[in-house]
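Chain nomenclature is as follows: A, B, C and D, assigned in order of appearance, with residue numbering initiated at 1 for each chain independently.
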Amino acid sequence: MIDDALAQAVSLLASTVRLAVPLVLASLAGLFAERSGVVDIGLEGKMLSGAFAAASVAHLSGSPWAGLAAAIAVSIALAMVHAYACITQRGNQVVAGMAINVLAVGLTVVLAYAWFNEGGNTPALPDPARFKAIVLPLARALADVPVLGRVYAGLVSGHNVIVYMTVALIPVVSFAVFRTRFGLRLRAVGENPHAVDTAGISVAALRYRAMVACGTLCGIAGAYLSIAQGAAFQREMTAGRGFLALAALIFGKWMPVPAVLACLLFAFADAVQGRLQGVSLPGIGVVPVQAIQALPYLLTVLLLAGFVGRAVAPKASGIPYNKEK
Amino acid sequence: MEGVPALALAGVDKSFGAVHANRAIDLSVAQGSIHGIVGENGAGKSTLMGIAYGYYRPDAGTIRVDGRVVEISEPQDAIRAGIGMVHQHFMLVETFTVLENILLGAEGGALLARGEAEARAGLARLMAEYALEVDLDARVADLDVGAQQRVEILKALWRGARILILDEPTAVLTPQETDRLFALLAKWRDQGRTVLLITHKLREILAITDRVTVMRRGAVVATLETARTSQAELAELMVGRRVLLKVDKRAAVPGAEILRAEGLRHVDARGIERLRGISFAVHAGEIVGIAGVAGNGQSELIEALAGLKPLAGGRILFKGAPVDPPGSADACRSARARRIAHVPEDRLRMGLVASFAARESAILGYHDDADLGSGPFLDPDATRTRTNRLMEAFDVRPRLPELRSANFSGGNQQKLVLGREIDRDPELLIVGQPTRGVDIGAIEFIHRRLVDLRDAGKAILLVSCELDEILSLADRILVMFDGRIAGELPRAAADERQLGLLMAGVAAAA
Amino acid sequence: MKNVALAALFAACLAGPAMAQNAPAVTFDVGGKFDRSFNQAAYDGAEKFKKETGVQYAEFEVRNAAEREQSIRNLARRGASVVVAVGFNNRSAVETVAREFPNVKFTIIDSVVELPNVQSVVFREHEGSFLVGMLAAMASKSGKVGFVGGMDIPLIRKFYKGYEEGAKFANPKADVLMNMTGTTPAAFNDPTRGAELARGQFDRGVDVVYAAAGATGLGVYQAAKDAHKLAIGVDSNQDHLHPGTMLSSMIKRVDVAVYNAMIGARNGTWKAGVTVLGLKEEGVGWSLDEFNRKLVTPEMEKKVNEARAAIIAGKIKVTDVTAAR
Amino acid sequence: MKGELPRWVDLGLLPAVNLLAALALSSLVVLAIGVNPLAALAILVRGAVGYPEAWGYTLYYATNFVFTGLAVAVAFHAGLFNIGGEGQAYVAGLGATLVCLGLDALPGFLVVPLAILAAAAFGAAWGAIPGWLQARRGSHVVITTIMFNFLASALMTYMLSNVLLDPTYGSPETRHFAPHATVWKLTDIAARFGFEAPRSPLNAATLLALAAAAFVWVYVWRTRAGYALRTVGANEQAARYAGIDPARTIIAAMAISGALAGLMAVNEVMGSQQRMVLAFTGGYGFVGIAVALMGRNHPVGVCLAALLFGALYQGGSDLAFEISTINRDLVIVIQGLVILFCGALENMFRPALAAFFARERAAA
């Protein structure tokens, strides 16, 4: 009985981890953009284009690594379009993000349709072209060891390489933001770009670099969806994850670790959601599936409304930098 | 004054679109001197310094540092050439610590840890040498403005500046703090460093500089030896005509009490108590001036009185009756209905809407007036008519009600706001920084209208950081320090030294 | 240069619709003809017709509600020998257009339009689902089988109910876990979520999963393969997708229906009226081929075929949730 | 720095140049998939306006876009970016449906206006809640409106699969509304006068759209409430100074925005489909964003941009019909590029145009 409960807990947490990965990556991507002063609702579009590029190139080359590289490259390219609009042309950042999203939805499908003739999807990938689950050393052997072995085999082991990459990235990003020159400048430029400018640092160059970081992480997130967790690109396969990631970022007050925790919370809600469907709750009976499916979204709204209060965004985010003001 | 100039600008020209901000400027600053630059708002001083600091690119002209031509196209170049700058609006990241602010742009490596240790040691030396104490680990947002300025100066020094440009450094200082700053500048000069001091306060120029350059409308009109000039001469050069430096007015004839504040307290969003029990009264037919260094609660006070900022304690009585609790949704509206008018400190932040046509800014706060349309509708012709009348009465130029508010000069914007508020015949006018960023001609006009309003028996509460303005307009002077009234003096009994001590929180209430 | 451009413009204007005389036409539903499932079955039928007769059919993939009527009318107007509308969503559009064009033949799949020039083909999906439900329960070692649906709508519940009854029939103690993917049209296009839902079920002990969720199912099958579990395909024969993983497919012979309509219109055997295709008519069924031969034991095969006979004979009643209302 | 342009350039030429840039880039995409862009354009144009039925569809699509575009524009004037038009319209469909199905015992002249009001009211409510959350709780309206789109989907899928569905067919759609409880189509009106109009879903909601555009113009620029709304949008501090309650104004703006988006349901549910179907909003709510940006948030501009997008949708449909390698999502690409060029990059060509006109003026 206890064993079963443990197995269920491990399974739920492992599911949480898998669901959290794209959110965490996108959320950290958003962190770079927003800390630099660029509000980014275009995470969704960058991820989507990354997913498409990854699946296409992995299909053509047979190598997931080539796919990952392509995802990053395409996502960065889109981030540069975003950056050009927001930084160089000082356009409305939210509108630019929206444009990126719409463009990505349309372009991925049009190109997939034309290139692969599979109705806007890419062909299913064979195993060698995907990132497969990695069984860590001794996982099999330890699987029967109570508790720790179970957790090791079920939760720690058995993920694909992007999951581990993401876990490794969290402290790296945290360190980069708080302990490096780049991070110091990044945090400064989102708060007071004039201060950065007068300190002899180019605001535009800094923001472009932040957007490169943002694009990179979004690309990895996209690749995760299409060539690690999934095995092909489908139209609109990001399904709102970019927006959830943004909500998590706000909920995490633009700090890496709290944002990651918020992502885990959303992912947990999602994982629980899948397990609650059709389950009869004591006293309530079977809740309509749709009500349970709405749970993560409802949770987002409630968190934003209730617990965050007025989140203080980087002061300069959303405002194009204009020297003459 | 011999030798190669520390900084020399030749033929510097800069336009922003249609605005010709700098016209063929020649300027030579001698090594080891303090050089003043004066001029009205919009004369081009800040643009010129921005060019010297690499903030703007000149359209033409050359810059020499120590005789060598240098290409300064961004601040990095200026810093490398040994130029440092203390901006009028501090260039600090408020959420950062002092140390982080100083490190920004001079981190000393890709990782922060090493540079930090180095900076701590170096800064300790600098602070000791120049008496510039600040807590390196304090958050800038928690520092007072004087300390923030010290951070700015430390920043420039840490970057090895030999030529220091200070843009209106005394605007936020008490007279005593100003003296301290000037002592520091003098020490530098004696060490062979060079200082450029931009200000519009002529007394300061005369007190500290060696030479002074006067600018008007983007051009240099004169460069003089400070010892051989006078305040009147400089003022005339600045404006291009003779200027009345004093407002002439009769003695006040105070009437009934109009406004009474009792123990006002305000706590801001960050939990800092900005008003700590303010009590005073304003009577009909008098101008009460509130002096003080910026950031001591004056802004919060006038916004609370106007109904914008909520109170944590105390009450406000208007003609003996309590007003609606400030900060509530309808407080501003009801204040206006009682004929309490408010000219806010910052016209672009609050006084008008930059993107609106002048006729739309001219009804801000009065858009529910019955004569502006019937029922829920707003009649554009009615707003145009009213705006024309205001523009006529307050000499707003150009007289174009459809022109965007942002396209008027600061003085004309201010006249439009003042006109709008006076037009409704207020019982009480609350006015903050009425002449900030306004040219001398408009200052005279605005001062005149305030005195006229007083003479018409209205009560005026004037908040200004310009001691001169307070001294020339107020009938009674209150000094604010750290959220309290530090003292009250009748105009006749007030002198600058005493006010300065009160502003610094040194002297007790008189 | 300009002249060339103008010439191209005119040429394109004058070319007009290219449609062979007396050729049939088909409109696919949202999801498109390459969903490897329902629409693709229709596509296969049309392709078969083309291959046999050499006649190029006209086609259209619908994206929004307004296009249904428009495309069906367009195809009718251009003289299609028969217009095949795939999907229950087309009912209203077919009804309208069929009245406008009383001399044109229409075939609607998955819904009923009672007009003299309309042939309606509906399937008894619950019967086919019953059989694969049995297979699932028999192949399951844990006694737990799973179902992943696209959206919680009556049609999908029909699949589920039949499946559940089949599973319980084969093993009265069988547990059937159910998940629905989402509430937006993307629910049929979210393989990532499908995979996660499947993994959630596997973690709860499920070892055979049946997906009725369009392209989302692809994620379910992939997850089953990754986890070394079994999966059951839907609509088309999907056994070839992952040999060794795909236990079977619940085949819904949309291809036959489409082919019959097209070839019937050509031969003059096309008849209006309602056709209900169940096990008896071989309109639904289960797949057994070289890809899953090894997974289905002779005993399983025997039992399923017995049940099939019993259903046809009316000895076993399978609940049709859509009829019950 | 502000290169002031002649009004006609600012409002006419600049958007046209931006649009052209978007189309030029789109044609590169078309070229990339191996189709002659000019041929594609010809089909697009012919498909959009080349024959009477095409006009019907173009105007019908445009009607949707006028509503959703106006919704975005009104919110925009209050400084809000309402991405929730999709969900607001979806839930508004529920309002219209409940009245049309539940109260169809009433005569048409009662049930139709009631249903329209219900659509507006449901849409308004679905918009006002994110407005309230923004104004009172500080939750960013962009994110909450997106979440409300998902919530609307969940709600409507439940309603359509469990409560409202037509039992005879068992598919997630309601029964047809009684004929008197619908908005007349052009074909019906023409039939009444003995004509035959081209077959299309075009219906009287198009007139409602024009009325809504007129309403928005009057409300935003000719009323005190509209003045308050624009003040809050342009400078919230100034609004507070002027005694305007930003919170109340934001909630009102979102309610009006939601109501306008909701009226789209009148065109879709009451006019075109005359019943409620799953996902009838078809992404029109998102197109409204492009329409509002393209139309510079002015009702006249929104109407013109809606017409353009209506033409793109109808033409795109024909394009997909004629050229099998191109699919409809090309229209989404164009839409994205239009948002990019007319929205985010709106000022890219401004300096060049300003310089050109400055030269012209100098020469004159």
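Basically, a residue touches a chain if its C-beta (ideal position, glycine included) is under 8 Å from a C-beta of that chain, and two chains touch if they have at least 3 such contacts.
Keep in mind that this is a model prediction, so the values were computed, not measured.
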Problem set entry | Centroid-based (C-alpha) most distant chain relative to subunit D | B
For this session: Could you tell me between which two chains the number of C-beta pairs in contact is largest?
Result: A-D
Problem set entry | Inter-centroid spacing, subunit D versus subunit C (mean Cα positions, whole Å) | 34
Exercise. How many angstrom lie between the CA centroids of subunit B and subunit D, rounded to a whole number?
Worked result: 47
Exercise. When the centre of a chain is set as the mean of its C-alpha atoms, what distance in Å lies between subunit A and subunit B?
Worked result: 45
Exercise. In whole angstrom, what separates the CA-based centres of subunit A and subunit D?
Worked result: 30
Exercise. Which residues belonging to subunit B are in contact with no fewer than two other chains?
Worked result: 16
Problem set entry | Contacts with two or more other chains, residues of subunit A listed in rising order | 117, 120, 235, 288, 290, 293-294, 324
For this session: For subunit C, jot down the residues that touch at least 2 other chains.
Result: 61, 152, 182-184
Problem set entry | Inter-chain touch pairs (all) | A-B, A-C, A-D, B-D, C-D
Problem set entry | subunit A-facing residues of subunit C, complex | 31-35, 61, 152, 177-180, 182-184, 186, 189-193, 195-197, 199-200, 203-204, 215, 218-219, 222, 226, 241
Problem set entry | Footprint of subunit A on subunit D - complex, ascending | 1, 29, 32-34, 81, 83, 133, 137-140, 142-144, 146-148, 150-151, 154-155, 157-158, 162, 286, 289-290, 293, 325-327, 329-337, 339-340, 343-348
For this session: Under the touch definition given earlier, write down the residues of subunit C that touch subunit D in their complex.
Result: 5, 8-13, 17-18, 59-61, 63-67, 69-71, 73-74, 88-89, 91-92, 100, 111-112, 151-155, 158, 182-185, 321-323, 325
Exercise. Touching subunit A in the complex: which residues of subunit B?
Worked result: 16, 53-56, 74-79, 85, 87, 89, 91-96, 100-101, 103-107, 109-113, 115, 155
Problem set entry | subunit B to subunit D touching residues, read off their complex | 16-17, 306-308, 329-333, 335-336, 342, 344, 349-356, 360, 363-365, 367-368, 372-373, 376-378, 380, 407
